[in-house]
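Here subunit A shows up in two complexes: once beside subunit B, once beside subunit C.
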Partner chain A sequence: MTTVFDFGLLAYDPPGWGRVLLVGFWRSIELAAGGYCLGIVIGIFGAAGKLYGGKVVRDLLEIYTMVIRAVPELVLILLFYYVGTDLLSRASVALGFSRVDIDGLSAGIMVIGLVQGAYATEVFRGAIRAVPTGQIEAAHAFGMRGSLVMRRVTLPAMLPHALPGMANLWMIATKDTALLAVVGFSELTLAARQAAGATRAYLLFFLSAGALYLALTLISNVILRRVERRARRGLVSARQQ
Partner chain B sequence: MQHQSATRVVTQPQNDAAKSATAESAVEIHDLHKSFGGVDVLKGISLTARQGDVVAIIGGSGSGKSTLLRCVNLLETPTSGQIAIQGEPYRMRAGKNGALVPADRRQIQRIRAHLGMVFQSFNLWPHRTVLENVMEVPVHVLKTPREEARARASTLLDRVGLGDKLDAYPSFLSGGQQQRAAIARVLAVDPLAMLFDEPTSALDPELVGEVLSVIRDLAAEHRTMLLVTHEMAFARDVATHVVFLRDGIIEEQGSPTQIFESPRSEHLKQFIKSVA
Partner chain C sequence: MAELDIVSPPSSPAALSPKRILVILGEPHRVVLALLGLSGLVMAIHLMDWAWLPQYLPKLGDGLLMTLMMLVASVIVGFLLALPLGLVQVGGIWPLRWLATAFCTAVRGTPLLLQMWLLYYGLGAVFAQFPEIRGSWAWDYLRQAWPYGFLALTISFAAYEGEVMRGAFAGVPRGELEAAEAFGMSRWQIFRRVWFPRAVHRALPTLAGEIILQLKSTPLVATIAVTDLYAVITQVRQATYLTYEPLLFLVAVYLCLSGLLILALRWLENRVPTGQ
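Coming up: the complex of A and B.
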């Protein structure tokens, strides 16, 4: 009786598929990291806009977060990936530039970033509201201008409140990358599917992909825990008391 | 304790208040009104604190004393009236509903950077150490070189008795220690005037003394202070002038001796009796 798994198929060089999987894994990480960072930027401005912006800004942001959070991500990905890139191309032509071709990675990062941004906006908004107003007021009372207050006081002070939510969003980002498989972007899930289809070793490759996602999550957990400990350095936690 | 006459804190005649600002006046308030949603909290306050004055603002809760103090650095925007810091009036303009709005944000930021405020709830920045809290404004607002700011901050912290707590985070300190750090944070900006908003009200009774003794030392150096407080014995001791606020107006003002030993208004008599 042969073994269930032919681990030779995971070898780095052909005929093994290890290289394909790892390239796919790396592209998944790029997608997740890029989308997550874009999401953080959108989230910070989104939260600031929702809390301190004028009525028009607040309404627009409300529509953005509501629509994004209401529509299934798969639909958003299909929508942004095809319609969004097409619109960008047309806009570029209309403005007299040459037709731009947006590569899959950039498009994917934009899509994930837009989705993450909507959730991050809400996470940051809640976290900023959890900062005692007196700390922000003190910053204003000492003559700090708005952007300096944000950078030196509001953002670092809200970080401990935002991190649990932001850690969740990172986990979601890593797994959302798999949705890009439907548009033919060869990240880890698509790479695993190709390898499995070619070799008929479905279980082996999907389990391998799963193991890689798990490894990413475990490593992320270690890093996030460190970040959280650093962010909470000035706070008395229940355990320390 | 000898005090100058009460005329050093004077209600200005309405017409020439702006002109009467001398280089000597640290904080000058003229006909200040403030209402919150139709409720008048301040109903025409005029008050001048000259350099070196320690003005204690007393009054019952809801008398408007905290609002008055918060108007001085525009944490509250007055509905009408004028405020000048060292002779420089805040530039304001009329907003949509007739109430004032700041006309020059940069001017306000520049003035605020030299008006330190000590809050009832300390409001230190929890993600920075005590030393970093005191260095923050000099380094990032006043652009003092970091090393100079650090040396200065640790000297000031030493002075308020926190020389051994430089690297501690505020949440790990007692309330009294936090408030002393907050006072050092104000001293670090070389304040034109120090604003104290009930600095000991959030403290456990046994910690009040250590904070008051720091403030007392500062008063002895003739630093200009506006002090909202419930500590009557303290106000009587350190203030050069006492202002009794009731219902948004200055009901009585004068030297501590006058206010506490021969109050004229019935309300002030009752108030002093109730807090004694």
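Coming up: the complex of A and C.
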């Protein structure tokens, strides 16, 4: 056996494993995008709760973010994946429905979203605090309800401050999807491992998977930087360094 | 792009004296929450199955030791590698600068799990092909899993911290370097006396966050058969068929570890004068 790469193994059609890798890559992107969006939703509510919520809500959210930030993602994913699906199916049995089987993708998105939500909460909280209070007070003075102020003033105004953190979170989300390989969800990393195990071409497949991840990161980087520049276009440039 | 700062406190609160802690904990809703949490804990202890714990305690201790060794070793070696990585990105000749930037980008742009499997399965398979390596003294180590886990963790830490060091080296005010030059110091002296210490100094506050992130990466070594704390818990789960108890125990241990680490790093940080 030689160490020279046999690139024929990467062919798209069945003797090659290209298709398996690309399907895995697509599933990784789906997971990351779904988890990221869920994380943003949790983050917005979390930040609003931390800033404007009652004492109990604030403390509970503090516990949520603290636990997520202190415990390894791998452990959290295992915990949410097994315990979450177990609890949900038990609950549905207790309520008289038939056992629900949550498909891997939804469970994975839920897990990534819960982890992302904790970080997004902190990002949004910091960003909302960076919005001059006068703007929010002015909106209140115009008689807008809390949700309307949030939608029309606070969220758009905090966006430029939140974007650098959100860009980082997207990078973390794409890389965290790999951890779902450990619970048997066949995203890119697990697909690469299966292909490598079947063909013994470990270096080739792991390097190809790495190249795909890297391409995703680099392309996202370019797009995010452009979005960031656009969102900051009205801001005083002293903050841009 | 700056790495996400997730551990440093949002705004450093006034020093937590015992009295202040009492005031913070003494608020009525916190007392209720604490009682609820406590009753949950008591219920968990009574209603759940913890019979496996005494039997596995020595193994868990060994696993914890392995986790901590991986953390400490990879942080120390990774930091030593991060110094040149950061330095050549700021002041190196272009091939070196290009290499270091490519290295940091590639490592930071791919999942650590993939890197670990690449090293363990990929490099491991390559090494096994060469009889010269199989016959040498190194094979005793290369056959085992922990060197690959250690290598992957070290590389990862070096890349992330290298990026921090790049910023730190670049961020030392030019005036300080020019002042050193004006005093007639040689380039090496400027580096040794001003540039290097100032850069490390600037990087220290982010080091705590990076170390916590590194602690959270260590359980990945369990996927390549290194028996750290996480791997022992996996063994427990497979032997006892328990879903909740071992995982909750693991979460509790990591919470304590992170908490202790944060306290220790904060204590260390306060001992370094910041000059502000």
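Definition applied: the second predicted complex is superposed on the first by the 234 of 241 C-alpha atoms of A that agree within 3 Å, B and C clash if a C-alpha of one lies under 4 Å from a C-alpha of the other, contacts with A are read in each partner's own complex, and residues count from 1 in each chain.
Operating definition for what follows: a residue touches a chain if its C-beta (ideal position, glycine included) is under 8 Å from a C-beta of that chain, and two chains touch if they have at least 3 such contacts.
If you're wondering where the values come from, they're calculated on a predicted model, not measured in any experiment.
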Touched partner set for A:Tyr82, first subunit B, second subunit C, both or neither: second
Contacts of A:Leu95 with subunit B and subunit C, given as first, second, both or neither: neither
First, second, both or neither for A:Val222, with subunit B first and subunit C second: neither
Partner chain in contact with A:Tyr202 - subunit B first, subunit C second, else both or neither: second
Subunit B or subunit C, by number of subunit A residues touched: C
Complex contact set, residues of subunit C against subunit A: 1-4, 6-7, 10, 27, 29-30, 33, 105-106, 108-115, 117-118, 121-126, 129, 212, 215-220, 223, 230, 243-244, 247-248, 250-251, 254-255, 258-259
For the subunit A and subunit C complex, residues of the former touching the latter: 1, 3, 55-56, 59-60, 67, 69-75, 78-79, 82-83, 86, 119, 122-123, 125-126, 164-165, 167-169, 171-172, 175-179, 181-182, 189, 192-193, 196, 200, 202-203, 206-207, 209-210, 213-214, 217-218, 221
In the complex with subunit B, residue positions of subunit A that touch it: 132, 134-135, 137-145, 148, 152-153, 156-157, 159, 231, 233-236
Contacting residues of subunit B [partner subunit A, same complex]: 73, 75, 105-106, 108-117, 119, 121-129, 136-137, 140-141, 169-172, 185, 189
